[in-house]
Structure formats: structure tokens, C-alpha cells
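Per-chain numbering from 1; labels A, B, C, D, E and F assigned in written order.
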Amino acid sequence: MNTPLPRPSGRAADQLRDVRIERGYTRHAEGSVLVSFGDTRVLCTASVDDRVPAFLRGKGEGWITAEYGMLPRSTNTRNDREAARGKQGGRTLEIQRLIGRALRACVDRKALGERTITLDCDVLQADGGTRTAAITGAYVALVDAVRWMQAKRMITTNPVVGAVAAVSVGVYRGLPVLDLDYAEDSDCDTDMNVVMNDGGGFIELQGTAEGHAFRRDELDALLGLAETGIATLIAKQREALAA
Amino acid sequence: MNTPLPRPSGRAADQLRDVRIERGYTRHAEGSVLVSFGDTRVLCTASVDDRVPAFLRGKGEGWITAEYGMLPRSTNTRNDREAARGKQGGRTLEIQRLIGRALRACVDRKALGERTITLDCDVLQADGGTRTAAITGAYVALVDAVRWMQAKRMITTNPVVGAVAAVSVGVYRGLPVLDLDYAEDSDCDTDMNVVMNDGGGFIELQGTAEGHAFRRDELDALLGLAETGIATLIAKQREALAA
Amino acid sequence: MNTPLPRPSGRAADQLRDVRIERGYTRHAEGSVLVSFGDTRVLCTASVDDRVPAFLRGKGEGWITAEYGMLPRSTNTRNDREAARGKQGGRTLEIQRLIGRALRACVDRKALGERTITLDCDVLQADGGTRTAAITGAYVALVDAVRWMQAKRMITTNPVVGAVAAVSVGVYRGLPVLDLDYAEDSDCDTDMNVVMNDGGGFIELQGTAEGHAFRRDELDALLGLAETGIATLIAKQREALAA
Amino acid sequence: MNTPLPRPSGRAADQLRDVRIERGYTRHAEGSVLVSFGDTRVLCTASVDDRVPAFLRGKGEGWITAEYGMLPRSTNTRNDREAARGKQGGRTLEIQRLIGRALRACVDRKALGERTITLDCDVLQADGGTRTAAITGAYVALVDAVRWMQAKRMITTNPVVGAVAAVSVGVYRGLPVLDLDYAEDSDCDTDMNVVMNDGGGFIELQGTAEGHAFRRDELDALLGLAETGIATLIAKQREALAA
Amino acid sequence: MNTPLPRPSGRAADQLRDVRIERGYTRHAEGSVLVSFGDTRVLCTASVDDRVPAFLRGKGEGWITAEYGMLPRSTNTRNDREAARGKQGGRTLEIQRLIGRALRACVDRKALGERTITLDCDVLQADGGTRTAAITGAYVALVDAVRWMQAKRMITTNPVVGAVAAVSVGVYRGLPVLDLDYAEDSDCDTDMNVVMNDGGGFIELQGTAEGHAFRRDELDALLGLAETGIATLIAKQREALAA
Amino acid sequence: MNTPLPRPSGRAADQLRDVRIERGYTRHAEGSVLVSFGDTRVLCTASVDDRVPAFLRGKGEGWITAEYGMLPRSTNTRNDREAARGKQGGRTLEIQRLIGRALRACVDRKALGERTITLDCDVLQADGGTRTAAITGAYVALVDAVRWMQAKRMITTNPVVGAVAAVSVGVYRGLPVLDLDYAEDSDCDTDMNVVMNDGGGFIELQGTAEGHAFRRDELDALLGLAETGIATLIAKQREALAA
């Protein structure tokens, strides 16, 4: 239809930004992916280590963990460098815990053996949705790292059991929309991050209404948008991994 | 019905634990509430300060913030004291950010004026659901602090616009249940924390499925349980505040 | 005699505040005591751990250590949370070192075996004398933890050799007084904390005169008050432990 | 000539790696440059801020400062994230101090006015020579930021007085060579970083011989190589800035 | 008399070590004293600053504060450098708080005006009694700083009202002794640090009995020794200041 | 020649300050040297430890490391104590890394066995050139520690293979000068620290031109001065070690 849309970007309510997944972006990591959701660009690397954290030692299973960071000038105004401030902020910790849980949800940790895969998600350029882009890209980096392990015959069974992707949805000026960019995110009543797997199951839901509470029907509309968006993202991941 | 229930506590699926809200628990704070959800006991104090954080100075509005802590032996095995370790962990930061957002959702910050109310939520004894108990109790402490300000004629308009409460829900051995205790929480596929207001609107939804993804119908059942539970909690708050 | 006394509380110079010792205040710890010296309320828990610090490993003896904290709004105006500031202040470290030394003075560490008992003393409400209340309460929590170990047959000999209690004394407006509350403490020339055992021996003496130096005869009067006060406190401990 | 060369890369002794300078690599910063020295890739952004550090306030001059970081998996094996470890290491501090001094050497700080330009140099991929690439790229980002200020009419005089670039030189298996890559750097007796301006003046020299001390004639050969290399780098900067 | 004494050093029970107070030990500080109690050597500097801490601003009075440190190899085995570990330990904080309180006890802070004098006490060589040597030496450095201020006509009234010195006493193998050295300190049942002024008043008493509690008569004997020792130390300070 | 020289101290351009090396300055360390370059006084201790850092364990070689600190009032105005600030600054880390590399350059680490020698260099009084004095003095402390090990028959081969000393040079008001004091250092265009061994080889060169770039001929003049100065310093070390 041709009715003018209220989204600053001109996108339809259910339209993702341009999503690109570039494998092998850097050379050293076992998996290295540059994922872009429009102007949001996150470098996701997967590093394989032959140790597990202390709480798992001797249990015959592996671990998947994530770290997240934003380059100081990935944003519109410069943020302090967390390494210089001497600690990671609450938002950073919250996001990296989320990424870790999301990725663990698609891994059989027994099949991984006593190894850790660390997913580093570093935001080179931010325009909203960095955590959902990070999860979506980190999944591809994880698969590449697992393929590397298979090529090295470190594992015989593929520990990756299904795919995981994430997208944000929100109510922007009364309209439920998919994949918020920064202009929408900063002027939005409700913001929800949704992580799903390729079986259509929910792995994580995080919805927040700072200003205005959302009703059950709004929630339903948002979940519907997320389901559609994630199906597309999982197709993009598959395509990237087939290349 | 008399079919035996699978919950370790013997509660019905939609049954809250025994909830108590004790006002004036300590003497110095402008609001001081001991909230109990069964064996979970959280001391929530509200402190009024005549300053706002730097980012709000001169804007004519106030701030609501929260801090959360667990006493080292509030839990089954002793946890390191965060003050001694030299930093608050990711879980702590995540919870206190959540509490702050939840309480801000029921406050008109213009009506508060350039003041900060800090909600300290300290867990004396933990048995699951500490963050939802904290939000539920902190709301009552906040109202007491606002009444104190009104009594002192610091404000003329009541800045509290509605009530806020929170509860956890989860899928325990296949059954959607309300208000998880520790025994259920640690053996549960899906865990969701829900914050709602007295208008039935959602303020925050945080659902996590580490092991097993949840379907849309499970989500719907959980949201239904949360709606019922929160309605009861808001009635308990009202009753406590009327005492 | 009936001459009116200058103490803000109306207490006699040698009169303790109302002292209560409530065992089993929380559920998880091996010992858990809420001790009150008037409006000062401190939660003391004792946690048993099957390890000792590195410097004691393999030496066949145990360790007793203490940690101290004040809830941010235990005081008249809110204090910063030490966990959020990222370090324990000098006063905190000084107090927890004192509590640890005091309790070690009544324990045969060989009889304890290679175990650590940690005494967490958290101030829920402060009105002066928190460290002396903490020592007095922690002793009872320690005995409960030892009884728990005996019940579990972890030890055969009782490692607790005598009782320990503490009280503050000071010169308030020229009058030596026992058990200072906050109103006295903040308007007092000399303040002394005294730790003694049930044999009448001194374990720790810490006397400070910021404004005005104290004479030997004042010191003697203060020590006399402390001896009396501690005898009463030790009787209260015994009574609580007999209940 | 066709004699086989000892350099692992097959480069001639006085041959730089392939150097690329890509302006406008990210969108938000006033200057944003991806600089590559072979496989070493550093993202250099310049951020303009209208404040100066406390020690310069009210003095009518500006400041140039730099921060440096390596993404955890920019290297062959993963390094701990400095933000997670809670501090920047000695090497990082040393490098960012060097970058700051180098860039200040080409700026008239009076002409800049009371403003700070921060150069963030983040290593996306490391293969030796990250600090020299960072200085060379940061210069171009700095010029872009100054042009942005000129376009905004924030300044009338160009504060950049000359160009600055840097290169490493070293004695590799007895042969003085230019622009060490990681394979050479890690197997090298002497390693020197040289910063020069476009007038052929030295701004910084840092030569280190951990294993084997270097003679004056070796030093002379290294300085000769550096002079040649830097002349080429300055030509590359000019070319990039003319594009 | 010739009865053999039990002290490892051969000193009489009431005999101080050789005490030296060397003024002007370093050049930059307003007061700079090297104090030796036998082999214990502490460099005490006094620095005058024209600001006061925030809590005193605008109140027309000054502040005296102290910092304490031990060089890593001032002791028999090397201690970690506190600057490298990233924090000052509990013992350090306790000692520097003690030194600050002790010195404030002899200063009229109104007469000082809104200025801070910082006493840095750095142990070059330790052999027991570093805190008491520090207090004794810091007093002399403080007087020198005050004289410097008087010479500069920064103050008209002498803010130093009396002298302060400190000594340790203890029960060594049953015998009350004065001024413990390391050999005695580490093999001692009771250890007490005593700070007094030149009027014979007590400023601080800190007695500790980790192993064995001390009786009132032992305490009396220790206080007697301390009184004698401090009288001698104050005479030494006077002599040094007269030189 | 008799032309008046511009150096504030009246020294000739190639004249070192009065250099003194006092061995056995403190009692506990295996090597303890007070080195003075004029008014710059640095206490250098060498401590032998029977362990090596983790990265060397089991490799049959030792380690030499250094730590550096300035007493807060070693300088003209008081600097914050790094232990109190909670971290070592960039300058400190840079200097201690330099001292460590310099000293490792004269040690055969295989001959040392799996031991660490830590060189603590603490500045008691600063007047420029603290790092070069530290290296020069630490070398002597290192030799003393090695002699102590030989006396204890811990090693049979001398691991010290040659001598190491350091000096600063700079261009002061157009004139290349040797061994800058603070007055020169703070008013100097170019400042270079040079570390050399007794074979005339360069171990470390660190030249900086914040204001004005230096030409190749100035560099040559500076290197010539450094060579002369270091030859003298090495003779002073030899003399001190022969005493």
C-alpha cells in the first residue's frame, strides 16, 4: 500500500533493515563475522579454548560465553572506554550475559567436550539493535568455529543443535514495528528484544516500557513481528553459512 | 481438586506463597518495608535526597533509582560479599537496573521536583524470587517516602501515578506455575519475571529459557498466571498501605 | 539516687541499653543471630566452610574471620553502598579485623580442624555501638555453628573456650558512661571499645580522644564500667544460648 | 636482484607492507580511518569535544589525547578484554601515551582553542606494528576532524602544522629491516619504533634490545630505513587526504 | 644490675631503643623527618596544601591527614607493593587513620585556616613499632611545616597546641616491656600502642591480645611503661626541634 | 674552555651530576643501594624469590622484574599516592617495564635457575633522571643479590653477564647536554633516555620531542654524550662494587 509510513527510515512496520553477514572478516579467530543491521555493524569472533571455567572442570561438558563492547566512537557522541574507566557498565554486563545465554541455548555442551567457545561481540558502529545483531552474527561465528573444530577432528558430533537469532520490536508512536533503529529506539514507548530458535521457540524475551505500559494485544502484535523477522534472519544465516 | 500437585511446596499452580508486607521495619529511612514472599525476605528502604544525578540537573524533574544486594549468607551456601570483592556482579547490576526501571514507571518525575529517591533492596533471606519481592516491597517503601514528603510539604502533587508489582512465573516439569521458590527455580526450564501496573499494563517482561525453548502457548499461560498473581500482590500492597 | 542524669536517653551512667539476642533469625546459616543494643540491630551469621586460607593449609588448624557491613540506610542519612563504590572503607576494614581478632580469642583453632567459620555482621539499623553489638552477637552465632558441627559429628572437642563480649564506654560531658548510643557517641570526648572474656581478661581495648585527651583516672573509671557491662552481656549470651 | 631474501614475507629489507588508508570508515566520528599495514588493521577515530582536561582550563589552548585498545581476538590467541579485567595493561598505557605525544607534536594547540580531540585507535587485526599504524592512521583522522571543525567555522586557523607518521624497524637475523610484521617482530633482536614529521625531524624514538645490544652502526642503518619508510607513509597520507 | 634480661635485644624492660630524629632529610617537603627507633626507620614528610576536603569547605578550619606505606622490601620478606595490588590493605588504612587522629589531637584547626597538612609516613626499614615511630616523627615534621607557614606569614597563631608521641608496650614472656622490636612483637601475648600528649593525657590506646587475655594489673604496668617512654620521646622531639 | 654555560646548575654540557652509590643502605634486602644523581635519590633493593611467574614455570630459567614508585613528597608538589588512588599510573608502568628490560639484558636467565629477582626502585627525592638513576643503582643491587646467592651456594655460575647503566641526554636551549636535572628537563625540547652495557652496546633508547622535532645531527650529538656519560657511570658502579 502507498500510505505514508511514520518510520523515520521509511521502512514498512514489518520490514527489517538491510542485513548483511560477512564471514571471515578477520583472520585469526576460529569464527569471525561482521554482521550489519543497516548502519549497526558488529564484529563477532568465536575463539576456541581447551579449558572450561572452574565450576565445570571434570564434568565432561563445555561452555559458551560472550563478551560485548562498544568502540568509544561507535556512537553519536563518544562514550568513555570501559577499559579506561576500569569496569564494564551494567548495560554491557547485561548484554553479554544475554548473548551467552542465547548461544548456549543452541549448543549441546556434552558434545562440545571440555572446551570453551568465547564469542566477542564488538560494536564498530551503532544505530540501534546492537545486541540483537550481535546474537545473530555470533551464531554464524559459532558455527564457523565448530566447523573448524570438526576439520581439526577435535569433535565428532556437531554440538550445534539448531539456529538462534534475535531481533528487536517496539511500539513506535502507537505502531508496532520490527527492528528498531536508533531514531526509533530513542523515541519509543516499548522496546522488546526477542531471541528465538529455528523451531519457532522463544529463548529469551526482554520487554521494557519505561514511559508507558503495554497491553496484552500490543505484546501479541510485537511477538508476531518478531516471529516473522527472526524467520528471515535465520534464512540469512543459513544463506551466509552455505556460501 | 485433590490430585497431588507436583510443586515441591505443595502449592497449587496458580498459588502465591504467603506474602507479608511490614512497613516501618527500620527507623531511619523515609520508607522502610520488610517484604516476604514465603521464605524470601527483602528489606526495602526508600531514601529521599535533595539532589539529582548530573544528567538531570536543572531540568526540573526528579529521579528514582535502586540498589540491590544479598547478604552473604542469605543463601544456602555463603556468597562472597560484593563490597569485599570490589565490585557488583552482573546479576546484581541487572536486577537493580530492573528495579529502578520498574519503579520509575509509576512516578511522575516532574511532580517529584529535583529530588532523588533511592530504593535499597537488601535480601536478608533468599528462597527464589528476590527481585520480584524487591519490586513489590520497594513500591510500598516509595509510597511511604512520598507520604513523608507530603507531610513535610516538600511536594504538593502526589508523584506516584498507579501501583507496580512483580512476580515470577515458570514452566516447572511441564506445568506453568506462579511465584517460583528456589527449589522450583533451580529445576525449571523457563523462568519469567513480570512487572505490571494496577491498570493491567506490562512494564517489564524478562523470560529466559536456558535449556528448552518455550512455545507461544506456554508464554500465554505464563502471562495469564502473572496477571492473576500481580492483581493479588497489588491488593496486598493496598492493604498494607491502608494499615 | 534520684539526681537527674545528663544522658540523652535518661539512662544511668552504668546502664546498658535494652539488649536482645534472637537466635535462628535467618534460616540458611549454621548460626544466625539478630542482636539489638537498643535501636542498634545487627544480623550476625556464622558460616562453616571446609577450607582454610592459603597460609594455614596443611597445618591442622582452623580459622575464624569476620566481615562487617552497614546497609546503606541503616543510618540517619544514607551512606554509599560499599559494593557500588568498589571498595570497603577504612572504618569497615578496621571493624571487621577487630571482630575477627575478638572471636579468635575464644577459639581453640586446633580443635576446629581445617575449617573456616566466617562471621558476617550486617547492621540493619545503627544507633551507636555497632561493633560491640556485632562482637557480642557473633559470639552466639559462633556457638550455634559449633553446635551444628557437633551435631553433624564434624568435631568431637568443643573448640569454643570461654565467652567473648564487647561494649563501648566514654566520657560524655564529663561523666564516664556505659554503652554509648549515637547521640552520645557523636558528642563525646573520649570513646573506648572494650572486648573482654568471661574470665575478666581484656582481649581488646581501643580508646580514642580526638578532641580532648583523657587522664589515667578517667581511663580507670571507664574500664570499671566496661567490666560491669560485659559481665551483664555475657550473662545475656548464656541465657540466650540456654533457651 | 634475485638473491633469496630472509624475510618471512619475502619483502626486501627496505620494503613496507601494503599500506592502505581508508577514510570515512565509520559514520559518527568527526574523523574515521581504517589503516592497514599488511594484515595489521587499526580503526582510528577522531572525536572533537568542547572541553579540555582540568589542567588546561582557562588557558586558551586545546588538547590532543589518544586511547588504544586491541579487540580480544585481533591476535593469534585470544587476549583478555581489558574492560573485563578492570584495567588497561602497561603496554596499552605506554602505547596510548606514545600516540598522544606523537600527534600533539604536529598541532598548534593555541589555534585549536579550548577543545580536545581524542584519537581512539582500536586494533581489529594485529600482525605487528600496531602502534606505528595507529599513529599513521590517527594523523589522517585528526586532519579530517580539523576539516570538519573548519567547515563548521569553529576555528579559523588550521591547527595542524605538518604531518606525522611512524614505522618500526629492527634487526632481523642480522639484517636491518623496515616495517616488521609479527613473524619478524617475535624473532628479532632489536626493535625500534620511529615517529617523524614531514620535515624529516624525529619526534619519538623507542629502541629496545632485550636479547642482544645493538651497535651504533646498526642504529644508523635502522634510522636510515625509518627515514625512507616514513617519507613513503607521509606521501600515502597526503594521497589519502587528497582523495 | 647484672641479672640477665630476657629481651632478645638485651634491653631493660623499660628501655627504649636508640631513637634518632633527623630533620630536613629530604628537600622538597615543608617538613621532612627521618625517625629511627632502633632499626625501624620511617620517613615522615609534611605537605601543606591550600585546600581542605569537601566536608570542611567554607567552615574556616583546616585538616590534618596522614598516609602510611611500607616499601616492599622494608621487611624481612618482600611484601607486595600496594600500588601494584591496586589497593591499600586493612592494616595500612588502620595505621594511617590512627596517625591522622593522633596528630589532629595537637592541632587547633581554626588557627590553621582552610589548609590541609598531609603527613606521609613511609617505612624504609621495619623492625617493629613502625606506627609509633611514624607518629613520633610526623609530629616533628608537622612542627617544621608550621614553622615554614609562619615564616611565610601564612598564619599568625601557632596551631600546634602541645606535643604528641607514641610508643608500643607489651607483655613479652610474662614481662611487661617498652618499645617492642620485631623479635618481641612476633612472639608476644599482648601488644599495645599508646599515644599521649605532653600533658600526660592519653590520645589513643590500642591493646590487643590475640592469644591470651591480659589482666587489669598487666594493663596498669603497661600504661606505666608507656607514660615513661613517651616522656622520653617528647624530650627527644623537643631536642630535635631546638637544634 | 671558559665560556659561561647556560645550564642552570652551571655544569658543563658533558658533565654528570655528582653520582653516589651507597651499598647496604637497608638491612633486609639481598641487595640494597641508595643511588644519587645530584639531588635525585633512589632506593633500589633486590629481592630473591624461589619462584618464577606462571609463564616460566618448569622452563629452567629465572626472571628479573622491577617495580618503581615515587614517595608522594619526593617531588616539588605532592603527588597522590598510587596505592591510595588504587592504581599505578601510565608513567610508573612505563618506567618499571623499562627498568626490568634493562636489567634482563645483562642476565643469563638459565644460570639464575627458576628464581625471580625483583628490583624495587623507590624515589626518595626527585630532581630529574629518576629512571636512569634507578637502572644504574638497580644494577648494583642486582650484583649484590647475586653475590648473596653465590655465598649461599644457590648458584654456581654468575648469571650477570656484563654491566648496565643509564643516563638521560637532551637538547636544552639549543645545546645538547648530559644528565638533565629537573630544571632542565622541564624546559627542554628533546629528552632521551639511553641504556647501554659495558660493551658499548645500546640496550634501550627512548627519545621524545614534544615541542620541537630533533634532527639527525642533534641525535648523533646526544648519543655521543650518552656514551661518555655511561662509561663514567659504569666505572662508578665498578668502584662501588669493589669497595
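Here, contacts are C-beta pairs under 8 Å (C-beta built on N, C-alpha and C of every residue); 3 or more make two chains touch, one makes a residue touch a chain.
Values in this document were obtained by computation on a predicted structure and should not be read as measured data.
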Counting one step per pair of touching chains, how far is chain C from chain B at the shortest? 1
Enter the minimum step count from chain A to chain F; a value of 1 means the two chains touch. 2
Distance-maximising chain from chain D - centres being C-alpha averages: C
Between 0 and 180 degrees, and as a multiple of 5, what angle does the rotation take that fits chain C onto chain F by Cα atoms? 120
Report the chain whose mean Cα position is at the greatest distance from that of chain B. F
Would you mind pulling out the distance in Å between where the CA atoms of chain A average out and where those of chain E do? 59
Centre-of-Cα separation between chain E and chain D, whole angstrom: 51
Among all residues of chain A, those touching at least two other chains are 86-87
Have a look at which chains touch which and call the overall pattern line, ring, star, complete or other. ring
Taking the contact definition as given, in what order do you meet the chains if you travel the ring from chain A through chain B? A, B, C, E, F, D
Chain A residues touching chain D in their complex are 26-29, 32, 39, 41, 43, 45, 47, 49, 67, 69, 71-76, 78, 81-84, 86-88, 92, 118, 120, 122, 124-126
Can you list the chain F residues touching chain D in their complex? 87, 89-91, 93-94, 96-97, 101, 104-105, 192, 196-197, 199-216, 219, 223
